[in-house]
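There are two complexes below, and they share chain A, which is joined by chain B in the first and by chain C in the second.
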Partner chain A sequence: MLVLSILIIPLVFVLLIALMSSSQSKRIALLGTLTTLGVSMYAFSQFLTDANSINLIYKTTWIERLGANFHIQLDGINLILVLLTTLLSTFIVYSAYEREIKSPKTYFSLMLMMQSALLGVFLAKDALLFYIFWELTLIPIYLICLVFGGEGRQRITFKFFVFTMFGSLFMLLAILFLWLHNPAHTFAIADFYKAGAALPASQQVYVFIAFYLAFAIKIPIFPLHTWQPDTYVNAPTQGTMLLSGIMLKMGTYALIVWLIPTVPLGWKLASKYVIIISIISVVYGSLMALIQQNFKRLLAYSSLGHVGLIAAGIFSFNLQGVQGALYQMLSHGINVVALFFICDIIQQRMKTDNMQALGGIRNVSKLFGAFFIVATFASVALPITNSFVGEFLLLHGIFQYNSILAAVGCTTVILSAMYMLRAYQLMMHGETNELTASFGKITMHEKIMLGALAILILFFGVYPNLLLHISEEPLKQLIEQVRHATLAVTYSKF
Partner chain B sequence: MEQFVYLIPLFPLLSFAIIALSGKGLSKSITTFLAPGSVLASFIVAILIFISQLSNHQAVTVPLFSWIHVGEFHADFSFLVDALSIIFTLVITGVGFLIHVYSTGYMHDEKDYNRYFAYLNLFVFFMLLLVLADNFLLMFIGWEGVGLCSYLLIGFWFRNIDYARAAKKAFVMNRIGDFGFLLGTILIFGVFGSINYHEVFAHIGNVVVDGKLITWITVLLFIGAIGKSAQVPLYTWLPDAMAGPTPVSALIHAATMVTAGIYLVARCGVLFSMSSFTMHLIAIIGVVTSLLAASIAIFQNDIKKVLAYSTVSQLGLIFCALGCGAFSAGVFHVVTHAFFKALLFLGAGSVIHGMSGDQDLRNMGGLKKKMPITFITFLIATLAISGIPPFAGFFSKDQMLAEIYTHNKILFVLALLASLMTVFYMFRLLFLAFYGEFRGNNIVKNHVHESPKSMTIPLSVLAVLSVIGGWIGFPHALGHQLHLHHWLDGFLSTALKMPTTEMSLNTELLLMLITIVLILIVVFWARNIFITKKYVSNNDEDAMPLWKEIIYYKFYVDEIYESIIVKPINKISRLLQDYIERSGIDAMVNGIGTSVVNWSQLLRLTQTGSLGFYVGAMVVGMIVLIVLMLVKI
Partner chain C sequence: MKELLLLSGLGILSLVAEIINARKLIYPLVIIGLFVNIGLCVGDLGTNETVYGMLKLDNSALAFTILSSLIALIWFIVAKNYFSDETNISDHFSLVLFSLVGVFLLASYTHLSMLFLGVEILSIPVYILAGSDKRNVYSNEAAFKYFLLGAFASGFLLLGIVFIYGGVGSFYIAQIAATSMLPYGLSEPLLIAGFLLILFALAFKMSAVPFHFWAPDVYTGAPTSITAYMSTLVKIGAVAGFYRLFVGVIAVYHNYNFFESYTTILLIIALLTIIIGNVIAATQTNIKRLLAYSSIGHAGFILLGISMIRPIVFYTVWYYLLAYCIANILAFWVLIIVEKQTQSENISAFNGLAKRNPILAGTMSVGLLSMAGIPPLGGFFAKYFVLLDVIGRGYMLIAVVVILISLIGVYYYFKIIIAMFAKEPAESSTLSVGSFTKLIMILVSVFLLIIGLMPDYFLNYFF
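And then the complex of A and B:
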């Protein structure tokens, strides 16, 4: 039941918001995310004492004829993503705390619904349930972007919607295909693993491609990313944070749990190509980031580069690569929320994020400059920040797959420093101009938000073992399972 | 005693935390006490550990906690105390302390006094982490951390956009090196299954390793060293780094951070010496850097730029020695160089202080009388860097040159040439700044004064070290009767595990003699030009012969990099944006969208609503179907 309550609590608070006055909604929403965070922390401690505790599983028959169960379960892998979701949701709700919002009731309710749906995606152990939650996430984020977005939001949000629906369609096909080829005719993940692995290699490749399309659009990976920069720029800050901080991790998480172990041979045959594409994504995103004029757009492209590396690490599917990927999902989430919040602070005050128009902000607010430095170097993956751990492990994993690809991916070390420091310099350094002179001091709300994020950045950079330790065993099993499946077939060939 | 090694980096870290977190609340006087005090405390602990090391010579590992642990891969917070790390620690904390004290005077009127010391303390912490780490990844924390502090301190006066640019350039160029370091570390794990020094180096003897892989590892690590220690082709950030406050140039960009590359090579000496390719590469890059930088230094007019190029050149010389297998001599020169180069920079800072901020040698002259302490200490440093006995530089440089000589005669001639050029530009600097008549304007002239005690005392201490610092490595030829010779070699031998070459006493003495005579000739030559003939320097506008112009403008290296690397990368990005991002993928995506709409519009035409049309269409459809069936049969 504990695990079910994680899903339900946000929805309870949605009801509360509906009942109370709109001036109260932000407080209730924050309370809701804090409660969920608290419960997930409690679940975390439960998991540490007894990983097989009955509290961490909830399973009940759902659609019997189809063999679909409402099965959610907390394990060592999705635990990190649950923590990511509950932690970041709190920050995301809090980030909107002092902002003018046209209808706060709707806005905060949508965020909480989004949180619940996201948690469902990570917790689901049944393919149909997974698919339903996957699609459910789209509705609140669609509305957030459509109702609260900037100029041209209809066109851009529509593009985003069509893009992801297009991908989901293939995922649905793949799921149905696997259900049909599953003698037990269930949607249970364990049966899917069996059914998928039993397929001949050529069919596995088709299933792989179908899943890949859905996940790669969500992540996004080059060349399926063109919905992303516009959507990030156009969405309200909290929407962007939800999209880049949590939602894209649905894609990378699904690669680890739903894609590769389901069709191991498909992975084996396609891995070379998808890793190359991911690495292209890394370099391409970084090169694009290098020439952007607007900070938010720069962050969008930099995110493309960072998640490309995550994807490449996952497709190398060795312990270092996947551990790094999992850890980097958390780090990337924290860092982009920090950076988009910083961008929001600038946009709120300066009414622009055109970097050329800014400059010298650090003269006006030293403290803001300091927080921004921490976030910048976290994004650049300086050691003792959270993302260094992830990036190093990812590169290590990719290196074991192919050293040349790792070396190409490693250029992100140089390129990210180039574009992030360029951005920092353009906005923060130099003489203060007329516009930036009015920047003022940062508020207590902003200090708390940025301070807490800075602490997390350092904490996860210095003490990664806390989480790495948890995901190690389940990932080892998963990797072993995949290795075994691919080995067996290689023998039968000869 | 060794188990307390964690205190050494801890003190500056705590001091940093206190200063950084208390923000404006902290008064200047507390910072003045706290920042240098923390480094002094580290220095004292370092001395105690050093004394303990003197007697037992044992490398001691002090584990703190486990950092990254994934499968077989371990990277821990764990320190290694041995002769090499303790020597570096002593230099960092000792010279670091003096520079902190100096800074309290130099930065006295600075608005951001606390921020400055916070950065400086943080730097000392990372630098200590770098040398005390017992594995490559922990070293990398220090490695990148000092890069961060260097970025922050070069851009300390970030209001000036050029300074901010210099900071960015330094960080990015360092990152190019870090790219190599990172891949090298990963490859080390791939080959040895560990990234701990003692496990890696212990393996070398036992496991038969592919020589090609060793070459790759060492080349990758050396790329890291090139970035950090400003060697060709990644040296251009260091002269620009002079934008930072002068004590920073002394501490980071002369005495400590830039020697990290040398530390890395010396630390992995066992590994490097297995690849003759890499060793040759190091020696060649070293000597080329040394000559290039020395030639540029001769024509620079900015006092700090001369010293910056001098640093690059000296580091090149050390790398040349390392490439010849003279690890111990290289480390020796790092130590003495830290003394006299820090002294030179601090002296320059004192001069700039007295000159009301002017750094142009052409405006100086005759400062000898007005700044006696600065002059004397600067003179000592100049004699030391020139390699004149019995000053510190003589011993270390002599040892390096002797070992290069036994290794390769051509390298020796080039290295000797580079060190003679050093003598020339250093005496040019000395003569232009301190001798002759004052050439600046009267306002500045009347203002010229000796610096306060907080600055001159560190200068004096460093001056003493620049005299006696070399005696820890008395050459065999001079010291064997006194039983003094090569104390440092002996001390380091447990850590470096490298044999030092011995040459015959006569050859050694002869080389020494020739070198000294040549040095003295150069000194008199410089004296002749800059004192007797009172030659100053070109104005920027004056016509110059082509060869001189090329050197004066630093071989146009920055401009070349700009046009062959920076611009093309931006160009590629723009091309990608125009042809792939916008008119490529996105146009295709939108095209699919529009085509769907178009087709739907076409199909919509069939929805006429007229019953006759539908019946007609049905009939036509049935006929077509029947025909098809018939054909098939």
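And then the complex of A and C:
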């Protein structure tokens, strides 16, 4: 029941928002996300004492004739993602706290609905339920971008919607296919693993491709990323944070839990191609970030690079790679929320995010410069920041798979240092011009937000074992299961 | 039997009400009558009552009748203004009720003469209703076109029935099923010709390609309320007729051989209907026409469901109809209100509707999202069940094609949603609707959500 309440609390607060006046919306929304965070923390402590506690699982029959269950469960892998979602949602709602919003009721309700749907994606242990939540996330974020976005939003959000819809329809096809080839005719994840692993190699590759399309579009990975930069730039700041901070983790999470263990042989056959594509995505994203003039667009491309590395680490599917990926998902979420918030502050005050037009902001507000440099260092994966742990493990994992690919992947560290420090220098250092002189001090709200994020960045940087320890055991099992499935088939060929 | 008497009794009663000057009573009476009809049907579930050997009220017949009564109930609320605007209220009431009798016959016949009667009783009132906007030349054109082509289709139907009689020597479906089991049954040319002619006639009523050319003009010309009626209830009738015939023939002896010979034709018709309906809908700017073409596309999905039929999956078609009809009627409801206020059927009439009236925009979005097949609305599981059958039969390629085509559906439904949410309204005045309308709109939207969240709950009653 505890785990069900994590899903339901945001929806209850949506009802509260609908009932109260619109000036109260932001307070209720913040209260809602804080409550969810509290409950998820409590679930976390429960998990630490007893991982198999009855509180962490909720299962009931849902559609009997299809064999679908409403099965949500907290385990060592999705616990990190649930924490990420509840934590970042709080920050995202708080980041809109002192901003002008045209209809706050709608805006905050959509954010809370989004949170609930995202949590559903991470918690679902039933393929149909997973698919429904996966699609459910799309409607609120689409409306957030469509109603509250910037110029040209109709075209851009529509492209985003059609891209993701295209991918998820193929995922639906794959799920249907697996259901039909599953003798028990259920959607339970364990049955899916069995049914998928029993398929012949050629069919596994098709299923792999269908799933990969859905997840790669969401992440996004190189040739399927074209919706991403425009959507990130165009969406309202909170929409961008939701998209890059949490929503793309749906894709990477699904790679770990739903794709690779389901079709191990498909992964084995396709892994070298998909890792190369992911590495291309890393280099492409980083190079594109290098030539951007606008800070928000730079962040969008840098995000493309970072998640490409996460995907590559997952596709190498060894303990270091996947552990690193999980940890980097959390770190990347925190870092992009911090960076997009910094970008929002600059945009709010300067009315532009063109880096050439800015400069010398540090002279005006030292504290802002300090926060910015922490976020920058986190983004370039400097030791003692959270990203260092993640990217180190990721590169370690990829190195075990193929050393050349790891070497190419390493360029992300160098390139990200180049573009992030360039951005920092252009905006923060140099002569203060007329525009930036009006920057002013940062407000209390911004201080709290950035301060908390900076603390999180450092905390997860120096104490990674808290979370790595939790995900280690279930990941080991998953990897062993995949290794076993691929071995068994290799033997049977002889 | 009770249902038949009730529906035709209501129809006659509303004619009488005109004479005794009790027009105001008709509306509440009809609403109550339809509720009672649903109640009667639910009470009859599982009894398998037969009416003089001509009709059989098994669960699937009752399921289609309940569906038609439910949609008619919503339709009467939707079309309230249609009745208050017109002079000959009671005539129109009785016409609608009589056509419901036609749907009932189509849902429950076991004798082919009842199929013909059902189709005619369903169609003739609709011909008249399509032309009920007497001073509008397009409405007249619609009625005339529909009547002319419809009469032609009825001719086909009759000829088909006669051919089957020639081949089998009986009008009873059970007898036809028995004959089709005989060694010569499958190759009997009269039987094949007869079935094909009936298939074409019913495909015409369902506006399936290549018998769809009447649909866009008739749907656009007829008064919008009547278009809503045609695109939902007439489809229910035609699909029920289809279902009865094909399932009736195969289910008794599980004679799939017989059915396989028609599957290919049905499959081709279904695919063409899905493709052409959706592709042309994407180019429309007139919403009524867009919805007309989209309803052609949905007819294709239903036919695809029928062509994949298996005894365990009979519910596919019914569920698709349920989700489609409710979503469609919601969309038409908002269209009627917006059209009345702006005097325009163009997409631009919907610009900024979310600002002018969020409830209308929300209702429209729910309807459109459901028709686009986005979970957790009913339309998702409707498409899901059809796809499940398609993949289950091994037609992987068809499944991929259908999925890509349904993306086109997403495109044109979202054109309307974008217009409502992201464009600026031409006039800033709010568009107010009565609180009763709002309440029913929200209830129906929630119902659409519930059938999407718990499809099992509704299906368990009937199948």
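Note that in this section the second predicted complex is superposed on the first by the 494 of 494 C-alpha atoms of A that agree within 3 Å, B and C clash if a C-alpha of one lies under 4 Å from a C-alpha of the other, contacts with A are read in each partner's own complex, and residues count from 1 in each chain.
Throughout what follows, a residue touches a chain if its C-beta (ideal position, glycine included) is under 8 Å from a C-beta of that chain, and two chains touch if they have at least 3 such contacts.
Because the structure is predicted, anything quoted here is derived from the model rather than measured.
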| item | value |
| --- | --- |
| Touching partner for A:I132 - first (chain B), second (chain C), both, neither | second |
| Which superposed partner A:V162 touches (first chain B, second chain C, both, neither) | both |
| Contacts of A:L15 with chain B and chain C, given as first, second, both or neither | neither |
| Residue contacts on chain A - larger count, chain B or chain C | B |
| Touching partner for A:L180 - first (chain B), second (chain C), both, neither | second |
| Touched partner set for A:V389, first chain B, second chain C, both or neither | first |
| Partner chain(s) touched by A:I455 [first = chain B, second = chain C, both, neither] | neither |
| Touched partner set for A:K366, first chain B, second chain C, both or neither | first |
| First (chain B), second (chain C), both or neither touched by A:A190 | neither |
| Footprint overlap on chain A, where chain B in one structure and chain C in the other make contact | 162 |
| Sites on chain B touched by chain A in the complex | 23, 66-71, 73, 115, 137, 140-141, 143-145, 148, 151-152, 155, 158-161, 164-165, 168, 171-172, 175-176, 178-179, 182-183, 186-187, 189-190, 569-570, 572-574, 576-577, 580-581, 584-586, 589, 593 |
| Chain A-touching residues of chain C, taken from the complex the two chains share | 354, 369, 374-376, 380, 384, 387-388, 391-392, 396, 399-400, 403-404, 406-407, 410-411, 414, 418, 421-423, 454-456, 459-460 |
| In the complex with chain C, residue positions of chain A that touch it | 62-66, 131-132, 135-136, 138-139, 143, 146-147, 153-154, 157-158, 161-162, 165-166, 169-170, 172-173, 176-177, 179-180 |
| Parts of chain A lying in touch with chain B, wherever the complex brings them together | 159, 162-163, 223, 226, 284, 287-288, 290-291, 319-320, 323-324, 359-360, 362-363, 366-367, 373, 377, 382-384, 389, 392-393, 395-396, 399-400, 403, 406-407, 410-411, 413-414, 417-418, 421-422, 425, 428-431, 462-465, 468-469, 472, 476 |
